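In the two complexes below, subunit A is the common chain; its partner is subunit B in one and subunit C in the other.
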Partner chain A sequence: MRSDAILNDAARGSSDPRQRRPIPAWVATTALLLPTYGWLTLAVLLPLLTMFVFSFMSATPMGKTPIVFTLKHYRAFIDQPYLINIAWTSLVIGFWTTLLCAVFGFLAAVALARATVGRMRETLLVLLLLPFWTNGLVRVFSWTMVLRENGFLDGVVDMVLPDIGSISFLYTRYAVVLGLVHGYLPYMILTCYIALSTIDDAIIEAAASLGARWWTILLRILLPLAAPGLISGAVLTFVPVIGSFMEPRILGGKVGVTMGTVIEDQFTQAFNWPLGAALSFTLLAVVLAIFATFSGVLRRGTTA
Partner chain B sequence: MTEITRRNALKLMSATLIAGAGVSMLPGMAFAAGTITVLNWQGYGTDEAWSIKAFQEATGIEVVHDYYSSEAEMLTKLRTNPGTYDLVVLNAARCAQAMAEDLISPIDYAKVPNISSVAENLRSNENFNKDGVGYAVPWVWGLTAIAMREGLPKADSYAVFGDPAYKGRVGLQDDAVGAIAAAALLTGQDMNNPKDLDLVKETLKGFKSNVKLLWSTEDQWNKSFAAKEFDVAMYWSGGAVRSRRVSKLPVDFVVPKEGGIGWVDGLGIPVGAPNAEGAHAFANWMIDPKFYVEWATKAGAPASANTAAMESLPADDLSRQIHKPEYISSMSIMSALPDDRREAFNNLWQEVKAFYAE
Partner chain C sequence: MTNVNVNSVAKTYGTTPVLTDISTDFPEGSFTSLLGPSGSGKTTLLRIIAGFIRPDEGIVSIGGRDVTHVPVWGRNIGMMFQSYALFPHMTIAQNVAFGLGRRGIHGAEARKQVDAALEMVHLPGFADRMPKQLSGGQQQRVALARAMVIKPSVLLLDEPLSALDRRLRQEMQVELLRIQRESGLTTIFVTHDQEEALTLSDKVAILDKGRIVQIGDPETVYEKPLTRFAAEFLGDSNFLKGKVESGAVRLADGTVVHAAGTLPADGAQATLAVRPEKMFVAKDPSPGNRLTARITTVIYAGQALSYILETADGMQVKLFAQNRDGNVLKQGETVVLGWSADHTVAVAD
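And now, the complex of A and B:
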């Protein structure tokens, strides 16, 4: 609304002979940025701020318990040392998921960008996006059907190799990582594909004509040039994965205890929103610290 | 020009709704009408389709549902959505909590004639009453104990969860209170206020190599049991009846010598309920022997708080066989927990779960 008014004024100003001075650049910039920042404030900053305030309260601010300011929830990792193990588990799951997504996602994107053309490529892209149209819960539950003892996987294995017995691995960390990789792989493929499709064919032809083998082209040309896509894909995967709770809970069974499930328990079972909020912010701080540590690599990668 | 304000629009919408509902329900109108919103677990008695239909035919009241998947979520919904729900199903322990927070209002027993045959010790339960005023209609009771695969030797103690014979074959409930209650009873403590929490923690940690699954819903229990993921589990008595009757699963329900972990669910009317009149009528319907017998025989149900309803069941009824009257005296009933103890329980269970996950 406000930006419209300012733009109208600006338009009128230029046709009005009495007022020739153009509006200052900062006004136009502010007006144009206002919707974006307004939206960010509403959708990101305010909810985060609310949770941040919650994290200093002694009890959930509903019901009749008196509320006082406290820092005790931020001491959770000291008071309940087992949380450190859980956080470590979450990071390890996040690491493996991101790594597997990066390997398979990058190779799939290379295949898509370099080995297909025209309609074929469009069809494959749509097929990649199809899983996004189904509910994540459905995808995860179908994995339980496949992975459980005497499930689909065991059935197939039994047909091929009847003597091997059950190889069911439902309720293990492998199952959790498998479910997460399945869920987040499309992000990685898309970001890598976008980065790869901007590479000029002439560069690759030049390399090939100079005698470079396919692995040299892959490692020395495609990989560095597509690094921005790979890195943004890794960030897009890693951050939600370490906070995930649905996949660990359903596919992990009793071993599916992660920061995500602990935080979810605080909100839904224990009704301890302040502790849940404090744990979320601690996790956020850890993620930011990890990114800060690797900021050099990240910056070099994204500007290459 | 008339402003279409939000309030006006709402008025208009509700007027249209009521007019529409009134016309469509004219033939069935008896003494009250409208809609009531019930907050309950899914698939737990109040949402039986045949019963809702019969109730609407008898009274003209339409019953709609909203569900919760944990008791904490139920309290959260009551706290955050006042004026939305007319009737809520709450456990005795949570009822005391809701009562203390003024989330539910007193019951007018004159509008619930079936209360006359409800077991007196359930009606006067301290969790349902404050200053001599009743805040909930006791609805059903039951107990959590041990469910075993048919054919296995029947366990006589919660120690079976740690029995090496059942390595990797045990399913515990993912619930801090339930798990701690079993361990407290096993170690001879008051399950509502165990003095030695460390002993409880060590006992639960001792089940580690046996625990295969931490289940959280009945549906999950049934699917996992059917897939033979576990043989011995903590389970609800009512769930055992349903699993046998509906899912045809070979489940034996066993109450060990330590006694069951008892619970009573009541029907409460939230403060600010838009249709309290209709809610009273539905509460009366819910403890009516006619409804109960049909519910218990068609779907399987926990024991009714109404003795007249229990006596109307056929003698060979599974639910009547499982809910033996003597269990009421041997079981401990879950009470409300003060905030600090609840937090201690939750942290203890979180730590045990982290230990299981290692």
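And now, the complex of A and C:
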């Protein structure tokens, strides 16, 4: 019986010309990944590599000055110690922006995931994604309208509490963080929402049936289960915030000097591309070092 | 005293009534099954008792205390879900200890109770595993331990065994019954599996379109169904229609059928229910009801035989028989069916 089947198989294998060997798994994987990786190499890796080479040049390779390879731009933090202060400012702004995004984003995502009445969820989602669809510059400038002295915020405060005077905080770091939180909150909400929407309702109901109130459910069930979303949201926020220059420049004014604005200045004002590139890569190294330090925590969070 | 009482509970979603005027008592220590087709409102009733849904009308009380406006976390209930609903980021011990922690029990005392609960469901030594590392049946046992360890007032189960395969399901039924009997816990069990309902419970409540059409012990509900729906949903049934005449029912073909219990008044229409396994082929004149019919279909299933017969005026009748002597009746044969008046009950349509 069994040997018959084997014989039949062998006979079919040799006589049927349509019978083909299956494609090896690695060929399929390569074929599927090739377009993406090809594009990434072309569009991201090559320019990045060019910048990396630039960062070792003595001058921007577009003028007539002779180019010499040098490491001096990587000594910028030693030669110009005030850069350390600026970098620290950037990290602090990044920290607060990420923290505030995490708190508000997580809570908003919980509200979103729990909204079940009619088309509430869709409506809330659209409202939360609106900042994505507005031009970033418009968004930031509209904050100056709100925050400036005698602006919209002062107007509202004056109506409610007439004696308090101006509480305008435009051109402070608070304004910068506010603008950045506004811009990056949707990323955090979306990553948290995706993590939360995979949680079975029965798990939350089981917790309630065992006597858990809403804060226990929030901290002991939803927060740990949404940790992967929080972590990817934090990475998606922290990295671009460190390098941001639009918000610090417009909302921070004189105090809005960050690594982002310094680097941008090297490219647009000082025309010192090599220094800008070197500062960028230094910043990248710092960010990677921070992630490496916390990678234990991150990994524990994502596998839980 | 931890009985559960539901009084005039009603729930409407939009304009569709899901539950209508439900009033019933689940006595202390009883095991009640809510049985009904999909969409009959079983889950809604259970969730109203649990506190996940607030009824539009009516009162729910647990152990004599009105809990209609008490939130879920304040009701001290044990609950089991079809999807197990273990906390995936906690170990088995942490899962079981969760409810204890909410009651302020921590440390060594909690550990002791967790171990005892895991012992009870035959899973000692699983404390430090994660839920993912357990099979479905084992996860359901953990869910049971987690629900029982808090010493709830009532155990509520919504089709907890339907995700398990047949053998595991029977194993869990035995476990569940043993633990329920040992603890004497008032239990309400939602199922659409009639066999499960009959074997597990002391009381079966049959739901249809948001109403409890009959509630009683399994034997009464099976032997003396009150409505056509109850007779049809629980087991199989023949229905004989006729007109009441001096304490019996005369069918359309003139046959007079006697029934147990009270019948409607003379002259009224009545529907009688007879279980197909209660009928037999009558050989010689014997007391009881009889009906002449021709065999149209023979279903041979080895140990059991089913026949579908038709009377002269076209009424269909089912007959179940044990294959005791190997004599199978032939299609086309005309036979006289006999059955006792005790096994004939009038049902409401």
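Assume the second predicted complex is superposed on the first by the 276 of 304 C-alpha atoms of A that agree within 3 Å, B and C clash if a C-alpha of one lies under 4 Å from a C-alpha of the other, contacts with A are read in each partner's own complex, and residues count from 1 in each chain.
We adopt the following convention: a residue touches a chain if its C-beta (ideal position, glycine included) is under 8 Å from a C-beta of that chain, and two chains touch if they have at least 3 such contacts.
Since the structure is predicted, the reported quantities are computational estimates derived from the model, not experimental observations.
Asker: Which term applies to subunit B and subunit C once both are placed on subunit A by superposition, clash or fit?
Answerer: Once both complexes are aligned on subunit A, subunit B and subunit C fit side by side.
Asker: For A:Leu225, is the partner it touches subunit B (first), subunit C (second), both, or none of the two (neither)?
Answerer: After superposing on A, A:Leu225 lies in contact with subunit C but is clear of subunit B.
Asker: Quick one: classify A:Gly256 as touching subunit B (first), subunit C (second), both or neither.
Answerer: First partner only, subunit B.
Asker: Going by the touch definition up top, name the partner, subunit B or subunit C, that contacts more of subunit A.
Answerer: B
Asker: Go through the superposed model and pick first if A:Ala28 touches only subunit B, second if only subunit C, both, or neither.
Answerer: Touch status of A:Ala28: no partner.
Asker: Figure out whether A:Asn85 sits in contact with subunit B (first) or subunit C (second), or with both, or with neither.
Answerer: Only subunit B; A:Asn85 stays clear of subunit C.
Asker: Which partner chains sit in contact with A:Gln269 here, subunit B, subunit C, both or neither? Use first/second/both/neither.
Answerer: First partner only, subunit B.
Asker: Identify the partner contact of A:Ala207: answer first if only subunit B is touched, second if only subunit C is, both if each is, neither if none is.
Answerer: second
Asker: Scan A:Thr216 for contacts with subunit B and subunit C and give back first, second, both or neither.
Answerer: So A:Thr216 only meets subunit C here.
Asker: After superposition on the shared chain, which partner residues are touched by A:Met62: those of subunit B (first), subunit C (second), both, or neither?
Answerer: first
Asker: Quick check for you: in the superposed arrangement, does A:Ile194 touch first (subunit B), second (subunit C), both or neither?
Answerer: neither
Asker: Closest pair of CA atoms, one in subunit B and one in subunit C, after superposing: how far apart in Å?
Answerer: So the smallest C-alpha to C-alpha spacing between these two chains is 45 Å.
Asker: Across the two complexes, find the residues of subunit A that touch subunit B and also touch subunit C.
Answerer: In subunit A, no position sits in both the subunit B and subunit C interfaces.
Asker: Which residues, counting only subunit A, touch subunit B once they are in their complex?
Answerer: Residue list for subunit A touching subunit B: 59, 62-65, 80, 82-83, 85-86, 89, 148-151, 171, 252-257, 262, 265, 268-272.
Asker: Quick one: in the complex, what on subunit A touches subunit C?
Answerer: Checking each residue of subunit A against subunit C gives 200, 202-203, 205-213, 216, 220-221, 224-225, 304.
Asker: In the complex formed with subunit A, which residues of subunit C make contact?
Answerer: 50, 52, 71-79, 81-83, 85-89, 98-99, 102-103, 143, 146-147, 150, 156
Asker: Touching residues of subunit B toward subunit A in the complex: what are they?
Answerer: Touching subunit A: residues 69-70, 72-73, 75-76, 79-80, 100-102, 175-176, 211-214, 227-229, 339, 342-343, 346-347, 350-351, 353-358 of subunit B.
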